[in-house]
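Each of the two complexes below includes subunit A, the first together with subunit B, the second together with subunit C.
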Partner chain A sequence: MAGVQFVEISKSFGQVQAVSEVNVEIEDGEFAVLVGPSGCGKSTLLRMLAGLERATSGSIKVGGKVVDDLPPKDRDVAMVFQNYALYPQKTVAANMGFPLRMRGAGRLETDRRVLETARILGLEDLLKRYPKQLSGGQRQRVAMGRAIIRNPSVFLFDEPLSNLDAKLRVRMRAEIKELQQRLGTTTVYVTHDQIEAITMSDKIVVMRNGRVEQVGSPLDVFDSPVNRFVAGFIGSPAMNFLEGRIRSTDDGPEFITAGGLTWKLPDVGLRDLSRCASIGMRPEHIELAAEGESDAFSLRISVVEPTGADTMIIARNGSDELSALIKGRHAFVPGNSIHLKPLLGMLHFFARDEKAIRT
Partner chain B sequence: MKRVLVRRLSHPELLPLWLLTPAAIVMSVILIWPIAQGILLGFFNTRILNYNAGRYIGLANYEVLLSDPFFWNSLKVTVYYGIASMSCTYALGLSFALLLNRSLPLRGMIRTIFILPWAVPEVVAVLIFIWMLDAQYGVINYFFVEAGFLDAPVAWLARADLAMPALVLITSWHQFPLALLILLAGLQTIPREEYEAAMVDGAGALSRFIHVTLPGLRAVNVILILILILNSFRRVTMIYAMTGGGPARATETLSILTYNTAFTYQKIGYAAAIGTVLLLILLAFSLVYFFAIIHVRRDA
Partner chain C sequence: MNPRTTSILASAGLFVLTLACAGIVFFPYYWMIVSSLEAASLFEWPPRLVPSSVTLEAYVRIFTERDVFTWFKNTAFVASSTSVFCTLVAINGGYALSRFRTHATTGFSIFILFSQLLPATLIVVPLYVIFRQTGLYNSLIGLAIADAAFVLPLATWLMKGFFDRIPVEVEEQAMVDGCTRIGAFYRIVLPLALPGLVVVVAMSFITGWDEFFLARTLISSQGNWVFSVGLTSFETQYAIAWDEMMAAAVVFALPAVLFFLFVQRYLVSGLTSGAVKG
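Moving on, here comes the complex of A and B:
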């Protein structure tokens, strides 16, 4: 077992800077998720950790040991690829046993451990099959079996669930997490799906354009995003942003949205609200208000999406747009006006440079 | 009644058959008819390409064939040539395919250069090689003598033990681009992730070749090897231009024996019998090829 450290890691492909000066530390036994939109450098970072790409500068440590000059096979890491990368001409048993055979394990020892691993993953009945005879979920499990069989220090997952259908994805998500908790192996998991990131991880590393935007526990990142990008990327449905400017009045500061709404800023304990250029609120933190309530917005309903348990609405006023997740079922009519108010403690304030304004 | 017939014949399921009919007619006239004539000729004792001029002798040609040492020699030469030229062509093709599958500078240009031998007409290639192998002026002899491998120049094509290796050499040189193209296409279907997974799993370069590259090429290998052997069995131009089957019948494959028997010794009926045997061998290989392709398709 071992922790992983990225120290000032940069990687460029010709003119393209894929990863810039990344510093991240992943503790021993931690489940870390690298998340970000496609092209943000998360896969490159993982591939550098695996030894499949060489960093342009900086250093990577596994278990406190610098591995920059080690080939993949000497790094004691195991990887699960997006398309599973199973050996198509080998049986399930031969696929899982391959890393052991390559490390000089005997046939008996290999067979024993393949069976053991197959039991953990429920693959005992499939050992003689070939990858093409397996379903997507089964292939995924074989790829995991091939990774865990040799008991590596670190597991690497490169978007392992993106080829599965939605239902199976949810199930495999739980399976992977359960397996990781059982084995306690340090895991680095790459995904562009922020739900996967939040539900599975102990630590989230949010990336954009090759840089780390924020590192923290999932709820930490969800509750206190450091900037508008993280705020908008983490959470589903995505956070609403109202653009605008601050105006001082005798009654205290007012926020005037780009769409022309005026909103008296509540006292939420922020000292430096004058820098505020946008306000963020999550759809689930917006509730119905009565007409005339002082901190409510009046908007026109444009879309109503009943989800069964709740009702999602999108409402507009000029260029202002809010999506709100209202508890329960409601007979909203598109075109009608509606009064909405945010939960005051759940507001996020951002400055012109998109950084969050904190107390 | 007539209308029912028309409707049946214009059934959509029959359309493919109708579309194939013109090609089938052309094939019959230019391919199946001559082949049938050739097989028929084998049952006659004739010296010209018309069995009406000869006498029907049943299987007599085939009886002679079975006890003809030249026929058995020729069969041996054919198998030797087929296996040797296939192996060398394959090895050359695979080596260069592996090389060209890497990211090289000027890869496109190098690829084109490697395809060039294939574009050279067989007779021209043979003439160049005859010249290069020449005992007096040949560059190959010059090189071997200078490098100390040979004491004196060797007349490669005049020696029964060296003519076949020389023939295999030039065949492989001329044919390897075909193997190169097919193998390169095969290599490019192997996903990069398979190599990466193998690297992480601890496989070195040789293990990756054995466990990823070779299995990945299995489908094209079957097809390619059969094509190369079939081609070598059918080859006439190159061998005829190079040695004519000599010296001492050392390079006389079945196709050359057929040609020589027919046009040098004017034994058309007998040659037709040899040709028929060759046809049967090719047919057997074609059937293997046919089933291999079906198998490969099902695999994919």
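Moving on, here comes the complex of A and C:
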């Protein structure tokens, strides 16, 4: 068991800066997810931790020990790749036993632990098969078996679920999380899927363009995003943003949207609201309002998407667009007007530089 | 015509075509064997396809009166050395070209392909001069090096192609699992490239086995003759001992044929596996 620390880590490939001055600390036993759009440097960061890439500057510590000069095999980390990287010429048992054999374990000891690990993952019946005879989910499990069998200090996962179909992905998500909880091993998990990030992690590291945008617990990042990028990236369906500017009136400040809506700002206790350039609201934090209600918007319905339990609508007013998740089933008609109001405590305000405005 | 008749006709046509192709390929071998068993019939007209009398005299003569064993031994040595040199260099070179991509290596890959375009006749004179100066002239090892040099560009490219198809993650996984880079190469990557390896081994072995031009030029003493050079000794100023030459040719071809029978399973999968993504 060991924590992981990235200290001022940077990595460039020629002219391209893949990772810039990343400082992140992952505690012992924590499930940390690196999340961000493709090309944000999250996989590079993971590969540097594994020892497959060398950092241009900075330092990485595992269990308090600097590992910068250690080859992958001496870092006591186990990795699961996106394409599972099973050895095609070896059976499931040989695949899983390989890391043990490489560390000098005897045949008997290896066989015993392969069987033990196979039992944990439900692979006992597949031990004699070859990777090409397995389904995607089974391959995934073998790759995980190969990772856990030698009881490493840190597990590394590089988008392990992205090759699976949607249903299997949800199941494996739960399996990985359960396994991690049972073993209590520090885990660094890379994904571009923010749902995976929120559901699985103890700690989320949101990245963009090689930089860390925010680090925190999933709910913390969800509730208090530090900037517009994080706010828009985390959460599904994605947060709405209304662009506009603040105008002071005798009655207090008003927000005039780019689409021409005028909205009297409620008193949410923010001092610095004059800097506000956009307001963010999550679709699930928008509800139906009666006509003429003071803090409601009037928009025209463009799309209605019933999800079964709820109704998702997309409504527009000029260039303003809001999507709202309304509880229950409703017979909305596209083209009709609709009145919507946000839950006041759930609003997010962003300045022109995209940073969140906080109290 | 109904579809059934069409398909039968098509199969029949294909069968005849295959038979004809096989005939064209195999006839010279057949004629070689027939001529070795009965020299007299070689120049008869019309040719007699089935020999009237069969004798193994020519075989007995070549083994008793000629240095066939020495040729055989030398050829086997040259072919194996060529194969070993070539394979060792091609797997390492191919791996480097496949995995360490820089402008320099890309340029080098193209450069070695260009060297393949030069005909042997162009290189043989400078090679002769260099070999004389370095003491490699009239040595079997020297001949093996020269033979290997001619196979290497293609062999290296072949291996590069095979390594390109092995996902780099498998290798990285092996490194995380406890191998060094070299360990991952020999334990995981090379076994996966086995079909390619067999192709390179076979190709270089056969080149070393049946090469004539370099062997003729770079070998001077009779004791160092390889089989292909030995075969020409049946042709003297006044006569050609056709039956003996053909008998020797059969003996010469036999190991190569056996070798191919042994590796053909790998060869076919090796040569075609690049075509379809596995």
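Operating definition for what follows: the second predicted complex is superposed on the first by the 359 of 359 C-alpha atoms of A that agree within 3 Å, B and C clash if a C-alpha of one lies under 4 Å from a C-alpha of the other, contacts with A are read in each partner's own complex, and residues count from 1 in each chain.
Basically, a residue touches a chain if its C-beta (ideal position, glycine included) is under 8 Å from a C-beta of that chain, and two chains touch if they have at least 3 such contacts.
All values derive from a computational prediction rather than experimental measurement.
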item: Overlay on subunit A: subunit C relative to subunit B, clash or fit; value: clash
item: Which superposed partner A:Arg146 touches (first subunit B, second subunit C, both, neither); value: both
item: First (subunit B), second (subunit C), both or neither touched by A:Phe98; value: both
item: Contacts of A:Ala78 with subunit B and subunit C, given as first, second, both or neither; value: both
item: Which superposed partner A:Leu52 touches (first subunit B, second subunit C, both, neither); value: both
item: Partner chain in contact with A:Gln89 - subunit B first, subunit C second, else both or neither; value: both
item: Subunit B and subunit C contact sites that coincide on subunit A, given as residue numbers; value: 50-52, 71-73, 77-79, 81-83, 85-89, 98-99, 102-103, 146
item: Touching residues on subunit A, where the partner in the complex is subunit B; value: 50-52, 71-73, 77-79, 81-83, 85-90, 98-99, 102-103, 146
item: In the complex with subunit A, residue positions of subunit C that touch it; value: 167, 169-170, 172-180, 183, 188, 191-192
item: Residues of subunit B defined as touching subunit A within the complex; value: 191, 193-194, 196-204, 207, 211-212, 215-216, 218
item: Contact footprint of subunit C on subunit A as seen in their complex; value: 50-52, 71-73, 75, 77-79, 81-83, 85-89, 98-99, 102-103, 146, 156
